[in-house]
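Below are structures written as structure tokens.
Okay, so chain A shows up in both of these, paired with chain B first and chain C after.
Showing the complex of A and B:
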């Protein structure tokens, strides 16, 4: 069993700005937590503080009810997998796997049993006599993972374990790590900048930016209800499109100034009005957004061609014309790029719809799937509003 | 025309070798063979070969207690110097392997002995080791005649030499340490290794190629120490610091026995060569290149 609690953890290097600011997180037993964020966001630092490789500047780190701030890394009973594998170069693979047990003076027989067991589980039996230099990247990482699980620690810490591997190997190892998690039933804390890894592996994802937690949620919630414009843009590939919009004075919808750039205005007024559903309108009203400027966010997959919109049960916006800048066929999907409100946008449509560069297409949006963000705070109005509404807060300032 | 071209092509590689061959020939091969030649002769005071004695000079050496003393003193000296200079260099390199303010000052200080001439260091040590005004006796509150007491003379010279040689060892070890991947120490820390285990299981094996190289170079260097003996003790008191190189010098240029000196040189050469060969054989077992 393993519970890890991070309480107001901060980290600063030599008294300069905080690299990690007020990090609070409860990690339950058998969770697969993924820290994700752009490089330099402090995700590795948090992991290294949990491991004990970095000092905690302030705040408390608890593991299983014990304060761990000042414990040596070796006494925290966690094991770590590094990005560059960190295998001991002059030891055989067997000795690499056995190292953590050997220095604890575990009897040789027991070591041998566990090493062989682990090697079999990871398919390393043939490699035990070799040196790390004779192994491929994938094999090295498997050895590193093997030596981590051999000790049966309370938690596995993985610091971008797949980023040195090639794309194919990465996918394969990702599946293996997921399998390992299901088999071992231990807490995993995994750092990555790759959102695919985050989305596929994590039971909960922590999105970090500049040392501050942006959102902690399940992969599905993170994708469907991003808390801020940053999270919305970071999670999902291709990333979400953002355009400026105005909330109508009765909050029944939003208006976007222009149709697609480079397209002759077909109707007299160039303004595109989107009708919102009652729930969305209620939130906008509740937090007094009537007449305010907001940012509209829409995922590429939530665009739909007008000719396909008829059969949709979902609430679909009116169509507007856009001129196609380029069109990329990705097998089953097709990505269509176009300018809208001076912003380059992308729509993910079906490959069957043949769209070529220069075409003018009529496109609609799935209205229930749109996101609105506060222009100043960049917080998601709907996600934040619903959360605050649950708490009974109804103050505009809070959003 | 064609023939001419081919001959230029076949000669040119040798032409490039000529400058270095000349230098080596003049300062290395010629003296080397001349030494072997001289070792088979009795010479006059001008160092000219006069009387062929075959292995006579070697026979004289092998029956001379003075030569055995020289060999024994040299071995003692080499062991102290090599162990001392390697330990000093390694310790300095380990201490300077972490980043801290002022590291450059310390690194320079540890590497500095490399830049000091052995004879000038010996001059300074002579003052420091002086029995009445020397700082060593003052600090240690001792009354030892370091240089004139047969018990301490060899140790004094050896420690000085160890310190002198530690500078270059410090540089070698620093380079070796910076080549070891930092993350393996982090993994070892998480795996639960303490700092001794990290040193024995990670640092030493990681340094082993450099350790081997420095041992070889240090042994050769220690065997050839001369300046500090010349300045500090002149082989004395008695023959207690009569290292083989100093003995060669004394035989050749004080006693004018060039034949005997040449024979000792050949023996010294043979000893160093055999030692080096043995070490290269051992290297295959103990050294791990990753």
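Showing the complex of A and C:
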């Protein structure tokens, strides 16, 4: 039903720097798009430009083939759920829900039917006579969502709708929103800084930083193949570990100097060499990384204790000793912090492996899961290489 | 009493019975309670004295209004009428058309108040919710007009309205006062603390600006409107200089001007004049009493957030 296209959208406030730079995105029908990024990255601004609450400085916004830049917010047929609910405090819940329909001159009978229907769907029937002040945060947000649904808009815009709720309520509402999306089958555009919400809700996620799109991809791809060091560090919790490494001169592997970490290195040269698989080597070779410095990224969950490494089918690196700075038990998992290459790293291991502070443990990495980033551009070498390979580009210039 | 305290204190708190605990509570809190009561009595006493002191002229005026002239002109101090009479009121009402004056004042003050609430809330809305070029400069200009005293413009205003042939009419009393910078400022302060998300939500609901003002903004800023109504009405009711200047005929006189007609050189009666004054201050005082809560809340609620 709804297809939204953002074409070279820019936003600047009173001639200052661009808050949103050259934003291009095609949103298809019935997609659940999540904008995610640190605060001040422009994600809310983009959403508000789609809603018509902010003027678009330059670029075009298309909805269903119509240019929407100069259309009033009320005429865009989108509805928005705000962070602070934005319910009219002097009206009953019923009137709050009915307000937008009453403005559109929907007959009273029809309004009543739709309001009761929606209230039943969201479990608000008992609250229709109350005022917003008499409701809890979760109920208020449900009313806000209800009044958004009632209008049957082309797209739902949600601006951090769960951030004012407590942790338990947030999880519950998250599930409800996911259920709603499945039931309504409409385009959702959702802004959040919470990556759990982004990962669980979105069909596609847009990662933003300083007003620039970093990556647009499905949650799984974003997690497995981050396009840049920023995305890699932003998505996933605890976040990815980054250490400096050198590509070997034949690109068959990378070397990490592991000296000075409070542990006597096991091999004489103090250098840990990781052997890469053929595919990885090919990409490194194609883009001429032989002998260059790169940044190695590895997720906490891709570390593995040496004693558990035997049964792994995956390609596991040789073990190296690290000294445990602290160990946190999170129920089923255990987070182990250690210094490696002068950087504080964290490994996510099984809770069954008892590791205490001050222990020296032997740890390995799942080699197929490592990420390498260009030191200057911070772009992911493997992700970029694979993308170019798909396009049939064989040159190295673009990395 | 004190030995009870010591007695109870020797025991551990956990060992005390409910009875003992209650007694201990009563004993321990007695001095604090006494202190609080004494403070309250002192406060009420001081307030009463100050209030009496401030209200004395007003109360004395009310008292004089009920006195026959003979009561006032004696050697003894007569604070309370010895032979209360309503003659003064009767005389004041027959001597000048006071009822007409009061109606005039009500009409003028009422329309000015209504007009100011409408115009000021609309102006304040655009200054706080809408974005347009030169908004801040325009607002500063509006605020700057508050610095010009009314007396400075009164002659040019008079010349303007007289050249239009507006003298001796209601419109000359009402139209020049249909908006005020103070009112715009007051409303704007209110609207600044109004959550902007509500406006945005209304816009997305397809609500027009006018409808937003009428159905959402105004109901939610009732206290601000109340403050504005009281403030404007009293000001308009007490207008003196302008009505005196522009209206000469009896029919158009407002009550503040009309009352001075009681003070004629040939027949001076202080008691009658005071009776007239007492009658005309009743509306403004009652409006203030009715609206004082709104006024005080309104004056300050916009100023400090929270």
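Note that in this section the second predicted complex is superposed on the first by the 396 of 399 C-alpha atoms of A that agree within 3 Å, B and C clash if a C-alpha of one lies under 4 Å from a C-alpha of the other, contacts with A are read in each partner's own complex, and residues count from 1 in each chain.
To be clear about the criterion, a residue touches a chain if its C-beta (ideal position, glycine included) is under 8 Å from a C-beta of that chain, and two chains touch if they have at least 3 such contacts.
Since this is a predicted model, take the numbers as computed values, not measurements.
Q: Following superposition onto chain A, is the placement of chain B relative to chain C best described as a clash or a fit?
A: Superposition result for chain B and chain C: clash.
Q: Per the overlay, which chain contacts more chain A residues, chain B or chain C?
A: The larger set of chain A residues in touch belongs to B.
Q: Who does A:161 touch here: chain B (first), chain C (second), both, or neither?
A: neither
Q: A:100 contacts which: chain B (first), chain C (second), both, neither?
A: Both partners.
Q: Quick one: is A:42 in contact with chain B, with chain C, with both, or with neither? Answer first, second, both or neither.
A: neither
Q: In the overlay, answer first, second, both or neither for which of chain B and chain C A:133 touches.
A: After superposition on chain A, A:133 lies in contact with chain B alone.
Q: Quick one: is A:90 in contact with chain B, with chain C, with both, or with neither? Answer first, second, both or neither.
A: After superposition on chain A, A:90 lies in contact with both partners, chain B and chain C.
Q: In the superposed arrangement, what residues of chain A touch both chain B and chain C?
A: Looking at chain A, the two contact sets intersect at 51-53, 72-75, 78-80, 82, 84, 86, 88-90, 99-100, 103-104, 147, 151.
Q: If you look only at chain A, which of its residues touch chain B in the complex?
A: Residue list for chain A touching chain B: 51-53, 72-76, 78-80, 82, 84, 86-91, 99-100, 103-104, 131-133, 147, 151, 157.
Q: Using the touch rule from the top, collect the residues of chain A that touch chain C in their complex.
A: Interface residues on the chain A side: 51-53, 72-75, 78-80, 82-84, 86, 88-90, 99-100, 103-104, 147, 151.
Q: What does chain B use to touch chain A in their complex?
A: Those residues of chain B that touch chain A are 181, 183-184, 186-194, 197, 201-202, 205-206, 208, 288, 290.
Q: Name, in rising order, each residue of chain C that touches chain A in their complex.
A: Residues 195, 197-198, 200-207, 211, 216, 219-220.
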